[in-house]
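For clarity, chains are labelled A, B, C and D in written order, and residue numbers in each chain start from 1.
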Amino acid sequence: MQELLNEIAEAMATKTERGKVADYIPELAHVDPNRFAISLATVNGERYSAGCAAAPFSIQSISKVFTLTIALGKMGDALWANVGREPSGDPFNSIVQLEHEGGKPRNPFINAGAIAVVDAIMMGHEPKETLAELLNFVRYIADDESICFDHTVAASEMAHRDRNASLAHFMKAFGRLRHDVDKVLGTYFHQCAIAMSCEQLAHAGLFLASDGVNQPSNIRVVSPQRARRINSLMMMCGHYDASGEFAFRVGLPGKSGVGGGILAIAPGQGAIAVWSPGLDEYGNSLLGTEALEMFVQRTGWSVFGH
Amino acid sequence: MQELLNEIAEAMATKTERGKVADYIPELAHVDPNRFAISLATVNGERYSAGCAAAPFSIQSISKVFTLTIALGKMGDALWANVGREPSGDPFNSIVQLEHEGGKPRNPFINAGAIAVVDAIMMGHEPKETLAELLNFVRYIADDESICFDHTVAASEMAHRDRNASLAHFMKAFGRLRHDVDKVLGTYFHQCAIAMSCEQLAHAGLFLASDGVNQPSNIRVVSPQRARRINSLMMMCGHYDASGEFAFRVGLPGKSGVGGGILAIAPGQGAIAVWSPGLDEYGNSLLGTEALEMFVQRTGWSVFGH
Amino acid sequence: MQELLNEIAEAMATKTERGKVADYIPELAHVDPNRFAISLATVNGERYSAGCAAAPFSIQSISKVFTLTIALGKMGDALWANVGREPSGDPFNSIVQLEHEGGKPRNPFINAGAIAVVDAIMMGHEPKETLAELLNFVRYIADDESICFDHTVAASEMAHRDRNASLAHFMKAFGRLRHDVDKVLGTYFHQCAIAMSCEQLAHAGLFLASDGVNQPSNIRVVSPQRARRINSLMMMCGHYDASGEFAFRVGLPGKSGVGGGILAIAPGQGAIAVWSPGLDEYGNSLLGTEALEMFVQRTGWSVFGH
Amino acid sequence: MQELLNEIAEAMATKTERGKVADYIPELAHVDPNRFAISLATVNGERYSAGCAAAPFSIQSISKVFTLTIALGKMGDALWANVGREPSGDPFNSIVQLEHEGGKPRNPFINAGAIAVVDAIMMGHEPKETLAELLNFVRYIADDESICFDHTVAASEMAHRDRNASLAHFMKAFGRLRHDVDKVLGTYFHQCAIAMSCEQLAHAGLFLASDGVNQPSNIRVVSPQRARRINSLMMMCGHYDASGEFAFRVGLPGKSGVGGGILAIAPGQGAIAVWSPGLDEYGNSLLGTEALEMFVQRTGWSVFGH
């Protein structure tokens, strides 16, 4: 397996078409497009990595998997009153669907849905408290106390918040948010600004591959049913309007982030984290997807057959 | 396993909320809403059934899986020039997306996409020839020469073709169809009017559960990669704008038909066909979905974890 | 006044940017883009023309004004059950609005609306009878028995009918059309293929400028209220999604055709017909609009003030 | 003429179906739905009124006519770089069109467009300065120094700003606004909270009926061309997605406000202001429209013919 990861890292190093690094905030624009990392955490406790797998990067939308997990833990199926669970067919930041459907976002992974999830977990608390809780959770499932927010990234996102502010105010106008919009956005941008390495991310996602149980600690994070459901949402909606493409090519539940990371789950096998900052036209990591495609072809871990 | 299917059939028999039988053509409207069947064909050659599993019903959109398979066999990835592979986020008969995206349907399972697939496999031939080829293929993978078109259903669909004719003419206006619209529609409605029992359907779908190899005959129908890809499309788009819901609840690739059937694939395990004529608001079998949900909970065959 | 028309014709002759002649059917594509004509018929019986004002051209969508007039005469306000009277905000051949609004076209001047109007006036008769009635009406209001259909244009439109066939089948699926789609389309394409000169067109439109009374014959065609209402529809919807631009620049009710003609109404003053085959990006005559703008600036006949 | 206004007021007093008073802020919800007023200011200096024509009400969106006039005065056609001039086909507060068209609002009278106009006239100044300028302008054209903002209404609108805040942030994300969103909205809500009586409003609008010259003072406010153009925009877009209906029934350029007022312009004749707080389903004054319809039928002042 280590050999496979090495091969993948080497194959990716030779690629000249590496996509376009996100440039809507300076902090993301300055990342070196040549970096690459891949990590695998298996359900029986093994760890493999290749590339700069200890280097932290901005996980951005991958964090939506963690806030969704927290929200379901806090309120269970009541969450679905204000967030749907269908692919949207629209880009990550689209507002059209909200207008047509009463301000209810289609799923928890498009921006509007993730903002609604943040609002749901705030439960009247201040951003600081909510963020502390979130960070504790991520550190717990990654078993790593060193994980932190990148406050510079969060501040820069806040300064460029207009598109997301539009989504939040729109939902608030329909009564879908209970908290102050700027507080919700401040929390949301910090959530997205968590910095993690591929090693940490693979570890953090492992409970989704092992029926909800954190490994090797053997502590239950969610029920098996909930793990399956989160995986289904990652499969259906994890890559926005390119989710079908990811399912077609990779065949694993996955969630991408604009920082270039992808967390993919192979149920019963392990969690795989990849990082390559260059994005395709849909905002998903170009080489990250290629690496996962290669990984699944070699391991036969697609959920759709060997 | 037989016991489980019996339990499911009994549980479904007690349901009073059975959905609404499709009534846009008389032939479908007259089906008894109390009928129910479930069949399982496993990769190691076992067969289990409960309910009226030998009774033929109109497979309708489930046939789209078979025409997609034929189309990929004939032209491979060239098919994707005129058909996408993303969830549409819209109802099965929506035309909005076509206007916004140059007449290219989002995926092969919405009506527009399936019509484009039919046009692709006609390859200049007459409907009669194309239909003969299709029927041969279905009989072959089901290993049953008795399977037939229900010409009355096909004729009735043709008489009520306006919505689908609108889709077809729209695509033709963008050069997405090569053949005469009425010939394409005539072929399409016959395809949808194939009558099959759950036993036949489970058998016919088995190659998708066993890496492309028909069982127990051990004859390869498609490559393992193609089987995975078809499964991924069934998962992402098989239930129209309720595909997310099916993935969330059932967790298997599946394709529904307005006749009340669903074909679900458990990769590495088997193919399951269910039939209950009453539909939910999205046009998918209400009890069929419930039956599959119960089946997966008991077998742990969800692709997203046990 | 004759001097003004001469000036306008001369000014237009010097223009090098003349737009793009419609090319979706060969019969329209072959028209000389350098032709230009303008005719004015005043409410007190005067006639002025410049350019090739006796040359017939394909009036295309301008005919929608005449079929609307006939439909209102036949069924009055009952027409509005199946056709709206609001600007659509979409291109002339858009189908999106139909899906969102139960198959009811926004107004009688977009293609879908005009097709619904044709269906309304057929009243169970054959296309031949409806077309005879239409031609009689146009000849009557133009006071010219020489006006004819260009059957070659109509046949070519029928051969390229897919986009309009899509609209018609869509409306039929919602019960908005009562007649056979191909018969409705055949009638519609003949209606659009009426060939008229600017002289004839200005004469034919004069009743709308003089409170519904044909001049100089002094025969009432419609009531004053109906004339006002048709004018309001021409103002609001006569140029598709560039109707606002036409109102802003010209300030008169007007209806354009893809053949390059425009019929404009100056209530209480007269009817103006212009023709220049080159179209702008919205499908409206580029120089026709400029000529009308110049005409209104010089005459002060804008309905919005001198 | 006075007799006609009296008749209209009496006719309206007998109506039992009076529409629904706007209730999204308490200040508007508490207005007595039985109030009615109509005022006419003619181009030759006459003034007629009936009902409570001296009672101030919240002019709301009618103010958009005045800010548009100021914006055109300040920057001329440069305004149109960020605001279109077409009917939108969508409700007043729709955001769908913005997403499809690069954040550029279709016209200056939908909310998004009016917010963009406010941003345009701020020109780097503080809300206080912009509002002072606006109030001065309105007082000047109404020739009445007593006109004021209703700060309670403005504050309440600000507290319920989410839908408009969504529009503003969306446009800002596309670079369509230059100023701080909350400052723009604060200015916008004060603009909408101007309180005027029908007498004042008719006087203020008179310059649009008399080729841009204020009457009886004979001072030019805008050029004749600009008056025509503003009138055309009122005709095409002044009643949102019911603009076609208003043109069809009334036949005058008009601008409605959610406070129940309508300002209508009869070019060459006069300006008419009506007020009745109950709204129809599109947010336009139900009886205000009926009163104008009656007025135009009796005076023959429709721009579309007598």
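The criterion applied here is as follows: a contact is a pair of C-beta atoms (placed from the backbone, for glycine too) under 8 Å apart; a residue touches a chain by one contact, two chains touch by 3 or more.
Computed from a prediction, not measured in an experiment: that's the story for all the values here.
The interface at C-D recurs elsewhere; of A-D, B-C or A-B, the pair that shares more than half of its residue-numbered contact pairs is A-B. Centroid analysis (C-alpha atoms only) places A farthest from subunit C. Inter-chain spacing, taken between the CA centroids of subunit A and subunit C, is 55 Å.
For the pair subunit B and subunit C, the distance between mean C-alpha positions equals 47 Å.
Between the Cα centres of subunit A and subunit B there is a gap of 32 Å. Counting only residues that touch two or more partner chains, subunit B has none. Listed by label, the pairs of touching chains are A-B, A-D, B-C, C-D. Within the complex, the subunit B residues that touch subunit C are 94-96, 99-100, 161-163, 165-170, 172-173, 181.
By the touch rule above, subunit C contacts subunit D in their complex via residues 84-90, 97, 106-107, 208-212, 224, 227-229, 231-233, 235-237, 241-245, 247-248, 251, 253, 267-268, 302-306.
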